[in-house]
């Protein structure tokens, strides 16, 4: 494939960032908006072209004769050479998951660009201050995210990893005059930065022992006869494992070096994908404008962690331990987030926690994926869920945005009974809820069902656990739905016009995404995205996924979901004392959930009390008083001495002579004693 | 006897001629012509200096009076260096000498000064202790009179008393030492002493050596023989102080090296190396420690010159051509730097009578050029590049380390650490002039042309002596030819 | 003599000094300053191009543009110049910062004398970087040190007298040890019977071929040399001059001092200490690794709780310069390359920081971040500049910091033993702490509501401020975006056949 | 009985010590001057004795002594003149009173 289109895909958002960033304040708001949206549209189209060519062109650099999808490096430029072998390259790696992510990112990003044209101004059409800056940052983010997913080597990934972090920092802190936004952005950056430290050290370890950064050298072997085309297989990964095992120091503090490397790298993933205990930044990140939450904190950036694990999956297969750790972390996070989501008041927080929980689903499914079980069904399921989740979660967030824009508040307590006023939002939101709850035939059903199947294949315990989480998901989503759209509506205060659906720029993306969420489930992922590129089905048609269902699992999960929905309906359809009863029944649990199990307080304690209070301040004190003091002390001592000995210069000749005499005698005597 | 050997002393004789001319002029000229005394002296001395630069030297070392007196290119060179310093001093002194209080005694200052210079010449060229003693005394006794020059200032007299009594005491000690040396060696010729003493080190000789060293250490104001210095420098009239601080110190340093090397050379490394260690460390450290606290500029410079003497002695430790060259170069640079400082002090004192450091606050606002030259002098004394002081310090350290034993490294390290202390108090002056926020106490004034001339010369010297390698190279080449270190095995 | 390009790095500043001496008014002073600094930038770029051309033509000597002019024949002191990739990088850095600095101090009072001292300082810097003769290096080194005293004392703010005195005395204290070790090196610079030399390259060759500096002497001289330069490199525990000095210094001086002068330390450590005494460097590295490792973390942590902008930046300089020495002590090609990159990066970045701090201070008349807030709204240009500087400092890809730090980490990680591993990881941790204090500062200073109503009517940067800021931002971004150019320029210096003194590769 | 060299050296040494002692203890400056003379004369005796006993046939020591005497005379004259000056200005001749400049 010619590198032209890929290059444009990366270059266009970057140029747009520079243009809008440098010249934006000179442009009219509308121009900036249109410019940004158009360029993103173009990028999206190009990304679609690339993806479609990859999947369906059948060109020999993308798929070989037995239908195995290959990894092909479109271009790969040296950027920084540490040594002859350790070279950071900037390149474009096209393979199933990067192609998939290209689609997801560009689609959601375009929707958000479009949506923001409406969202970023108030009811009277007055533009937000810094509107151009907003679009510049959006472009920067899109660029970084695209660069991340097409990375050909782990260091390129790290570079863009940092860049997405930075752009998310900028976007969360978009309303920089709001202290809460500022601290939220700071928190997001620092927490992820801490995770990235692990990632970095992991990279250092891995690259030190393998002497390379390139993914293709970790996970695949080159296809003979074709340059820059690789096929994923385990032999390379095994080779690396054995090579490290035979290296001088293969074990470090109990764990094998490879395990350490992989776990540390996964730590980076935990940070970006908000796995416990590094999840705390995501709920606060909702301080940013809602479209940003939809793009970055629901659909794209937060799945970077999943993507990272998927990228190195063959290596992870070499270390059972690492995969188990991923499973456990994922499962715990999923349950925790679902619990918390059940009691939050701020609708964006609810969505944030549901995001955490859904990403945890993907992690779990990666953790349980094994080649020997359904050709690594878990892997496929994770990617599938990543795709569908991106769609419906973005949808939900954009709906939330519409609501917030209409009401001017994040709390469902200010909303209630909006279904009459905002029909479009209502319907699309409902679709989103159904999708995430996993109701057939919406997208979520299929992906989540695959995941549960995969888990079931690995361990019953986690299967039950995850099904429970699925139930919780359905419950809290419908709780949210009812509390927003049903219940008795508020009186519109005098002078305010009643809430209503928004401009087309905002509703159109909702509709599109809703449609996608309805049909996405039928995409035959098994033939497109698998861990080693081998297709799962011989032939595919529209109902392949339906046919492939493991109906026992499916039925159970469906039942659980419906039960949960009924429960939610009973409790929240109309105002009733049940919720209060429940709350008073389990006050402690409710408290803990409501305060997110006090994670933030813990972090506050660690950072302020321990790091600032017990480390930084003492060090600063030490520096001022001990180090500085010692230097001043020398000067002081010198002064004192010079003051003390001034008596020698008493002004009296006889004393002078006396000292003279003593001096002479000493001089002679000492020398004599020394020499004779 | 053969009177032609007097011709060997042509520099001394020429100096005497200058002295006589000045004396006659001062004595027999009508009153109104006396106004020109300073001018005449300066001119005469300038001519003498030029002459001795061009014709004063000798191709190789010449002996006279059975080797009591020796002159050699090196001796001629050090004398010329002193001449340059004296010339600057003379020019600087002009405005002071012509001030009303001194008017009557105008000539005497010059005559006494020339006599002391003659004495120093003898010290430099003497190879026999009798001649040396004569030189020493005729260099120090008239100085006492000069210190007491300010008839109406009590400090001047107190300084004179202190100077004279301690000086005589020290020379008594010195002569006592000599008598022992004589008793042991049976001769007062440096060479003969060296031969006779051989390498036998008995206690008596060491005591004698200590006495001798102390006698010259007194002139150099090495600790602990330095205590007169501060008081005398403070009390004496500034032109005398500047003369005292550079010229007599330079001559004494050279003579010191000659005596140690030629008379007691055989003992090198056994005896006086250790004495010098002790003396140098004590001198540098004590000098600096006292200098920190001083607020009177002249007293401050007195202590700074004490520690400088310690650095000069490092050249003796080297005890080879390189060391001697470094020492002479150091003396040259030190003459210029110190005279620049004293020039500023003298100019200000003559105008305003202020000598306290606090009086210098904000000087840069009122008299930028004076403060600039003072700053340069301070930087040069502190050894800051690109000023000459840096080079002289670097060379003298290099020559000292030439011996290579760890002990020397320690010695030099101590000296180096002391340079930090000295930097501190030199910067105090700069701080007072440039940084201190207070209102300037000294109003803007225009110093006399003689002062300005001397300042120009010294500042140029400070800037050029280092960067232009000609000076050091000449000194080194001259020294390299000498056989001074012939005795060192 | 004047046929050699390098000599003009000293000649131009001297001409500028002469120019200032005859300047009548502020306009002429500015003209001279700007013209001179532009000339210097041009010159350094020219040298760079020539250098690359010569290398491309296959010239493999370790130093190009060699020139030897005898100065003090008796001591065999020569003014010998020569540059390799490292020195050229440093020269470019210096000229950029001098350029930016002369614009940053556009409105300084008594500009004539200010620029005289500033240019004297930069003369020293340039001389130090072009010289390969120990004596002249040391001389220029001290020339660069002393003007600080007056620059801080006269034009500074706050406890300027104390800080100026402390800075000068501490740096001079360092150079005292340095001088002793240099003389010591001189006396062992050649095997018995051969003429002693001050020339670094000859000494390095002699050391390699004849071991003329015996191990014992190396053990004696190396620490003194390293500490001597380390003081200027703000090595723990000799860094304490840096916060006070920077806090009190005027803008351009902070820029030049943190940007270039502190690099003299690192450069000297590498060029003299390590290069001439390899065995000692190898054996004693661990002592200084501990010290520098401490200063990396220590500086970062104490920056976290400072409230004065300049103190924050000064401590972060301690941390970053500690990183430089840390990398140098790793003694392998990658880490050394990283060290030089870090010097470049930190120089530009911290100069940018100090420039912006100075500009902000000039407007708000306070540097206490507790008294400022929401400046981004009022001073968008300075705000954005500050954020970019911060991002560079916390190592955002695309800006210089990232490249340098990653190179250092990768290089340091090449050591397999526990000791180096632990310290490498400790150093890595500093990037998180850096993020903490940078974001803390940015958040308090630029974001949030405007605290002081008087700040509301401040005006944004004037054209000269913009110029100096943009210059620095562009250079930071240039290094960040095209690192391979600089890295290859530097790494060639360490390539096996040329970088023989430290017996690696 | 035989007069060895010691019979001369010891008294001269004693003389010298007396001089030193006097110089350090006496408060009157004239007295101090006298003690100085004692010291110088002790030195002279030393020279003469050494010359006479150890190196007969030479005159170096003798000559030295002659010069030394002359120098001593000059010193005394000068010293007295200055002391008189001090007395003129400050009406004091006590050594403890000429300590205005110190430290």
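Chains: A, B, C and D, in written order; residue numbering restarts at 1 for each.
Just so it is clear, a contact is a pair of C-beta atoms (placed from the backbone, for glycine too) under 8 Å apart; a residue touches a chain by one contact, two chains touch by 3 or more.
None of the values given here were measured: they were computed from a predicted structure.
Novice: Name whichever of A-C and A-D has more C-beta pairs touching across its two chains.
Specialist: Of the two interfaces, A-D and A-C, more C-beta pairs touch across A-C.
Novice: So which chain ends up closest to the centre of the protein, judged by Cα positions averaged per chain?
Specialist: Minimum centroid-to-centroid distance belongs to C.
Novice: With chain centres defined as C-alpha means, what is the inter-centre distance between chain A and chain D in Å?
Specialist: Each chain reduced to its C-alpha mean, chain A and chain D end up 98 Å apart.
Novice: Round to the nearest whole Å and give the separation of the Cα centres of chain A and chain C.
Specialist: 38
Novice: Let me have the rounded angstrom distance from the C-alpha centre of chain B over to the C-alpha centre of chain C, please.
Specialist: Chain centroid spacing, chain B to chain C, equals 42 Å.
Novice: Which whole number of Å gives the spacing of the CA centres of chain C and chain D?
Specialist: Chain centres of chain C and chain D, defined by C-alpha means, are spaced 65 Å apart.
Novice: Any chance you could list the residues of chain C touching two or more other chains?
Specialist: If we look for residues of chain C contacting two or more partner chains, we find 169.
Novice: Specify, in ascending order, the residues of chain B that touch 2 or more different other chains.
Specialist: Only 161-162, 165, 169, 173, 230-231, 293, 424 qualify.
Novice: Spell out, as numbers or ranges, the residues of chain D touching 2 or more other chains.
Specialist: 23, 32, 98, 100-103
Novice: Dump the list of chain pairs that touch, please.
Specialist: Those chain pairs satisfying the definition are A-B, A-C, A-D, B-C, B-D.
Novice: Which chain A residues qualify as touching chain D in the complex?
Specialist: Touching chain D from chain A are residues 646, 649-654, 657-658, 661.
Novice: Contact residues on chain A for chain C in the complex?
Specialist: Those in contact with chain C are residues 78-83, 86, 88, 155, 158-160, 162-163, 166, 169, 173, 176-179, 182-183, 186, 189-190, 193-194, 197, 200-201, 204-205, 207-208, 248-249, 611-612, 615-617, 619-620, 623, 627-628, 630-632, 635.
Novice: Which bits of chain D are touching chain A when the two form their complex?
Specialist: Checking each residue of chain D against chain A gives 20, 23-25, 32, 95-96, 98-103.
Novice: Considering the complex alone, what residue numbers of chain A touch chain B?
Specialist: Chain A reaches chain B through residues 635, 638-639, 641-643, 645-646, 648-649, 651, 653, 655-657, 659-665, 667-668, 670-672, 674-676.
Novice: Quick check on the complex: what are the chain C residues that touch chain B?
Specialist: Per the touch definition, chain C meets chain B at residues 71-75, 135, 138-140, 142-143, 146, 149-150, 153-154, 160-161, 164-165, 168-169, 172-173, 176-177, 179-180, 183-184, 186-187, 220.
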